[in-house]
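After this come two complexes, each holding chain A, first together with chain B and then together with chain C.
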Partner chain A sequence: MSESSAVPRPLPSPRRVRAAHDAAGEARTALRPPRWYAVIWSSRKARIGVVMLSVFLLVAVFADLLSPYRPDDATFVPAQDPSGAHWMGTNTLGYDIWTQLVHGARLSFAIGVLGGVATIVIAIAIGLTAGYREGSAVDDVLSFVTNLALVVPVLPLMMVIVAYSETRGLALLVFVIAITSWAGASREMRALIISMRNRDFVTAARFGGDSMPRIVLREIMPNMASLVVSGFIGAATGAIAAEAGLSFMGFGDPNTVSWGQMLAQANANGALVQGLWVWLVAPGLMLALLMTSLTFVNFGVDLLSNPHLREEDD
Partner chain B sequence: MPTTPGPVLTVEDLSVQYRPALGPVVDAVRHASLRVDPGELVGLAGESGSGKTTFAQAVLRLLRRPGHVTGGTIRWGDTDVTDLDDDALRPLRWSAVATVFQSSMNALNPVVRVRRVFEDVIAAHDDPDRPTDARERAAELFDLVSVDPRFLDRYPHELSGGMRQRVNLALALALRPRLVLFDEPTTGLDVVVQKSVLDKIRELQARERFGAVLITHDMGTLLDNADRVAVMYEGEVVEDLNTAQAVTTGPRHPYSIHLVGSYAELLGERVPGYTGPEIAEPAEVPRPVAHDPVVQVEDLRRRFTRRRGWRTEHVDAVQGVSFTLREGAVTALVGQSGSGKSTIARVLTRIDVPTSGTVRYLDQEQHRPHDVAALRGAVAAEYRRNVQYVFQDPYSALNPTLTVGYALSRPLANYHHLGRRAALERAADLLEQVGLTPAGRYLGRLPHQLSGGQRQRVVIARALAAEPRLVVADEPIASLDVSIRAEILEVLQSLVADHGVGMLYITHDLLSAATLADDVLVLREGALVESGPAAEVIGDPQADYTRELLDAIPHPFARRTSA
Partner chain C sequence: MAYYLRKTGYFVLTLWAAVTLNFVIPRLQPGDPAEIMVRQLSGQGEIDPAQVAAVRAMLGYGDENVLVAYGQYLRQLASGDLGISFTYFPFPVVDVIGKALPWTLVLVGLTQVVSFLLGTLLGALAAWRRNSRFDATISVGSTFVGNLQSVWIGLIVLFVFAYTLGWFPASGGYGYTDPGWTASHVADVVAHGFLPALTLMVTAPIGFILSMRNTMVQVLGEDYIRLAGAAGLRERTVALGYAARNALLPVVTGFALSLGVLMGGSILIESVFDYPGMGRLMGEATANRDFPLMQAILLATIVIVLTANFVVDLIYPLIDPRARRAAA
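Our next item is the complex of A and B:
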């Protein structure tokens, strides 16, 4: 018989024990879960991604300070080797490659943010409506459109739309990217809201007399935040790649400077044959690094929605 | 006592820490010791969060990161397994130590027949020199747990919950282990099935002499079945209680007194040294006599039709049930899982519609009857406000991203058109009414900053906010720890006594129905088998089924009373 549990201290009354128990419970529950930025920062990949992304952002913001020339200044001696005056040399058209490179970061950033936002907004609007009205005619129609958008080959569609439009520019690119790439994220949103809609707290809000839009905005959306953010980052990555692709094929705005445009010009003017490999490699490398950094940040965002991943090694 | 071989499990001074990548280190188990002898059933009791499950996982060497064993030794029989690696553990698992998990549905592979699972287990551990006939052994095991061997060729979803849990028991015994660990094996099963499973375990233990550890927060079950109960509190084993002693002289540690006492109180028994919340009092408070009927249910039927291949099948979930719900009165709806309780609740809350029969709502002003299935406009809005719902699981009923103040102010804003400030003041009043004082401390909190009992109080306060005439409470205490169940019952009781709210209390537990309800409806397979005033139904049950339900309630103190 085990008597090891004999308590040396005078026994407090059970009432007292409960008070102590409640206090302990409060102390325990008062521990906040880690804040979102701490969670993201805890992942080594995400740290690398955040640092890389910050560097790109600084380059884009301070592009004017990083280079003494204008990006559309084509008055230099063509095809110079790198030198103190031209850090990466000049290309065969007489532009300074370094200047174009730092200014190109601006367009890539703008297209990433705007294209990502536009894509995710469409995805949320359609996914939420279809999911909340699951099984109805509205859902049938929206799901059909979503499925259609999923199977249409995206790149040819983009090219057709751009080719037939009268204006060229940032707004057109954002529009084209958004309406061709929302479908995948929309499917995710729809699936998530179907699972959310049947949660007890949503039923409770209905008993509390809340309207459908209010339930979606206040009860459901905050619980989807990490999925929306990771969807946005994915969409931004896609938008940057799409812009580069379109520009490379000559569908971009020839008056702007972007990494895709640089690649297109380098290709058209035979950069490699002339030994100007910097012209070709630098913008390609920048694109790859920017998209890599976004993907790395997404590893951190994943930790927000799935706490089990936090315990894995990087 | 016959010659006792050594213990089948010895845990000495075990400590487990959680060391998450983010956040502070948590001591989940502190210097816990436990010994299990052959044929012995040792209970492990404690609230959620007391470290029971962590302890069990560590003992089984199934602890996952971020958990780490930081001290102590674990021995299975004579083998020290504290530091053995997976390769060394593999031959021992299942043959020396087996386990039955909480969710029986998930423990069996849904895509293979039950027989395959048995054959796999037996083949994986078989001695190649003396092969066992897996088919024969599986049939033998089914006999052991009193399940017809024909079910070996079924798929898991074709078995009922109780049967599935017995199959899991058979599976755990397949290799004649010396220790079986049960992690809440009967949670989610109703009382009758629970009793049959536990009786089976005891009977098999007597025959096969395996040691068993039973983890549960149901103190009644433990006192009724176990030989000893180890009480865990904040990660420590605070008392190793002999159950016979527990019901006679009572436990010694204040926490065990609290645990045993709060259960005993429901049965109307006293435990020395226990002064819990007195919930018996409100029964003596005179209640308003004139009870206006709110909802009249007449000959309610609900038939579910399912197409299977060429045939259509019917399931009659509710068959001709009639009752009346009144303001200021509690009606308990009691029955096993699958008896149609939830279907009735869904019809009342307008999530589902009846196949035939009527549910009438009598409006507040003129008491005119309205058919609930066809409510429109203003009456529909009145019904929605006046019939509120208390959820079973307080962990899912509150939005994790919104504060208590917001949750409470929504019904106030929608139904009483209060402004932000007025709504918050009213919300504070409501919190005080359900015993969360000072209310100011709770308004700004998020659900994860509250304990389970506090959450359920918030859920009740939210239902109260609309000032309803009727509250449908669907097993409101089933997922709470035993020691806080009494408090929540107390809150519900004051709701009826102080506010004159009517309540439909849905439960599988006749014991809590007896303390709370005025009338009891006993439901079986969709039909009423007995109904009447609570005292009569419980004191003098007429139907065999009611008696069966009553008998299934663990009553460890009966031994003391009769002795």
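Our next item is the complex of A and C:
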């Protein structure tokens, strides 16, 4: 921000600055705000979310240890009932359902992390640019595109883009999800940077002669971190749901097993009519539980950015 | 007046952007759609360049110059020409969509309106009885149910109510009755539409519940609510006439946004129930790479959502006079 150099600023003596700094340091230790993990852990919903998410993560990491079979092994006797050898039975295609289920956690995590990161990166880039240049033509164009992207139905748009592509796979899914889902988070980033720019502590830092990168890194970023994290978790949740929807419509990653693909196969092969409840019910529940755990964790993250919520939650 | 002019201008601008997006998407793809199409139709065999050229001309890719192609595309669009469908050859895309559109409009429209009423009511109740058991159940329950996949709900609903209990037909838009405005046909259509609507109704109110609850909790902290209570107004008057009415405003602006989500959900649900609407058509079109059809459906879907957004914008000043004054 170039106007900061134009503002005449007083030059306090070095000793006074140091004294003030020390006093502020003492006040900070006395009134230290609770650590971020303590804030998150203070919410019961977030505690439940963290525990659930950890379980899912462990399942994804140790999928190979949790099942003796490969997820793409279709050599079993089809449509078996649950037994010691096949904990959840096998489906009509000859796959072991439990094996597919634990390996499906991997793809959901991969798509959540990659899709979430890609989405939030686009959201930050567009939101911050628009916010920094509030009121300019750049902001007008970016805000218009953001508002449009917000109302455009995402699923048909994703389906059209995927249908044009000649390849299928994880990279395509991540690309399509990111390019269609950034708008909500981007609008929040823009609003935050606008409110942040005019806060007293930012003005103070500017008058104190801090450089722009320093203001962004030391003053604004710590205040934005929780919003970026909650935006990332929200985007990850959306990405997991989008993968399930796309996989159900037949546009998934053909090289791996996913819960969305299990749903699609269960549907195509009449799982319920054949009495293979687990085949359909389990992947649907896993998706809902994983997404709910992410939503619950986000309750805790929201407490960081909005202290007013803290005393409300038990 | 200035408000309405501005909103109309914005609507026209968004329509233009949607139309342009529809033109741009196929041209951003690395491959040549015409070539993909011909290869698809002819299997793995040789590709005849003349055939590719013919398809390209049919799609409007004939002109090398993008601007010329764009002008031609706009002219065709203005005359209602969206190309010929592959899957339903030789029917024009417009005719194919025209048959499917009413099914989806009725299904999604009804679901959306009922969800809005139900969701805002439940959300307002949860906020009014804040921190009660009812509130906790609604809040946590909505989070979990909202994360359920609509196809998953649909398949279970289908199994329970159609296969096991046999109360409703399992698929299609109507059974063996002759189409027309007869009582038996209407009843038939309602019976076929009930399960898809029920499925969408499980998740559709969630967004309204949560946003209504959160805004109303904020509104309940306002001074005028305390004043109304202190003035001795009946509790119901304060809750509905004061708090809920004001809390409704931000929820109304989210109406169009949630419509887009619901239109996406209807693609999945119509495929599950084999319902003859635009959603199922979209599934068919993308699976068969029927490019003209799927692009037209995408365009129609976006235009529907934008129009709904515009209508909400037009109605909004009636429920919040401040919007009118701020613009003037």
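We adopt the following convention: the second predicted complex is superposed on the first by the 262 of 314 C-alpha atoms of A that agree within 3 Å, B and C clash if a C-alpha of one lies under 4 Å from a C-alpha of the other, contacts with A are read in each partner's own complex, and residues count from 1 in each chain.
Just so it is clear, a residue touches a chain if its C-beta (ideal position, glycine included) is under 8 Å from a C-beta of that chain, and two chains touch if they have at least 3 such contacts.
If you're wondering where the values come from, they're calculated on a predicted model, not measured in any experiment.
S.K.: Using the superposition on chain A described above, determine whether A:Gly245 touches chain B (first), chain C (second), both, or neither.
M.R.: Second partner only.
S.K.: Can A:Val273 be said to touch chain B (first), chain C (second), both, or neither?
M.R.: second
S.K.: Using the superposition on chain A described above, determine whether A:Met159 touches chain B (first), chain C (second), both, or neither.
M.R.: Once the two structures are laid over each other on A, A:Met159 reaches chain C alone.
S.K.: Name the contact category of A:Arg44: first (chain B only), second (chain C only), both, or neither.
M.R.: After superposition on chain A, A:Arg44 lies in contact with neither partner.
S.K.: Now for A:Val151: first (chain B), second (chain C), both, or neither, which partner does it touch?
M.R.: A:Val151: touches chain C, not chain B.
S.K.: In the complex of these two chains, what residues of chain A are touching chain C?
M.R.: 45, 144-145, 148, 150-157, 159-166, 237, 241, 244-245, 248-251, 260, 263, 266-267, 272-273, 280-281, 283-284, 287-288, 291-292, 295-296
S.K.: Taking the touch rule as given, give the residues of chain B at its contact with chain A in the complex, in rising order.
M.R.: 20-24, 33, 35, 49, 65-66, 234, 237-240, 242, 252-255, 257-258, 261, 273-276, 349, 384-385, 388-389, 391, 393, 396-402, 406-407, 410-411, 414-415, 448-451, 459, 462-463, 465-466, 483
S.K.: Using the touch definition from the top, list the residues of chain A that touch chain B in their complex.
M.R.: So the residues of chain A touching chain B come out as 1-2, 4-7, 11-18, 21-22, 24-26, 28-31, 33-34, 38-39, 42, 199-201, 203-205, 207-210, 218-219, 222-223, 310-311.
S.K.: Quick check on the complex: what are the chain C residues that touch chain A?
M.R.: 13-14, 17-18, 21, 25-26, 29-31, 33, 36, 140, 143-144, 147-149, 151-152, 155-156, 158-159, 163, 256-257, 260-261, 263-265, 267-268, 271-272, 282-283, 285-287, 289, 291, 294-295, 297-298, 301-302, 305-306, 309
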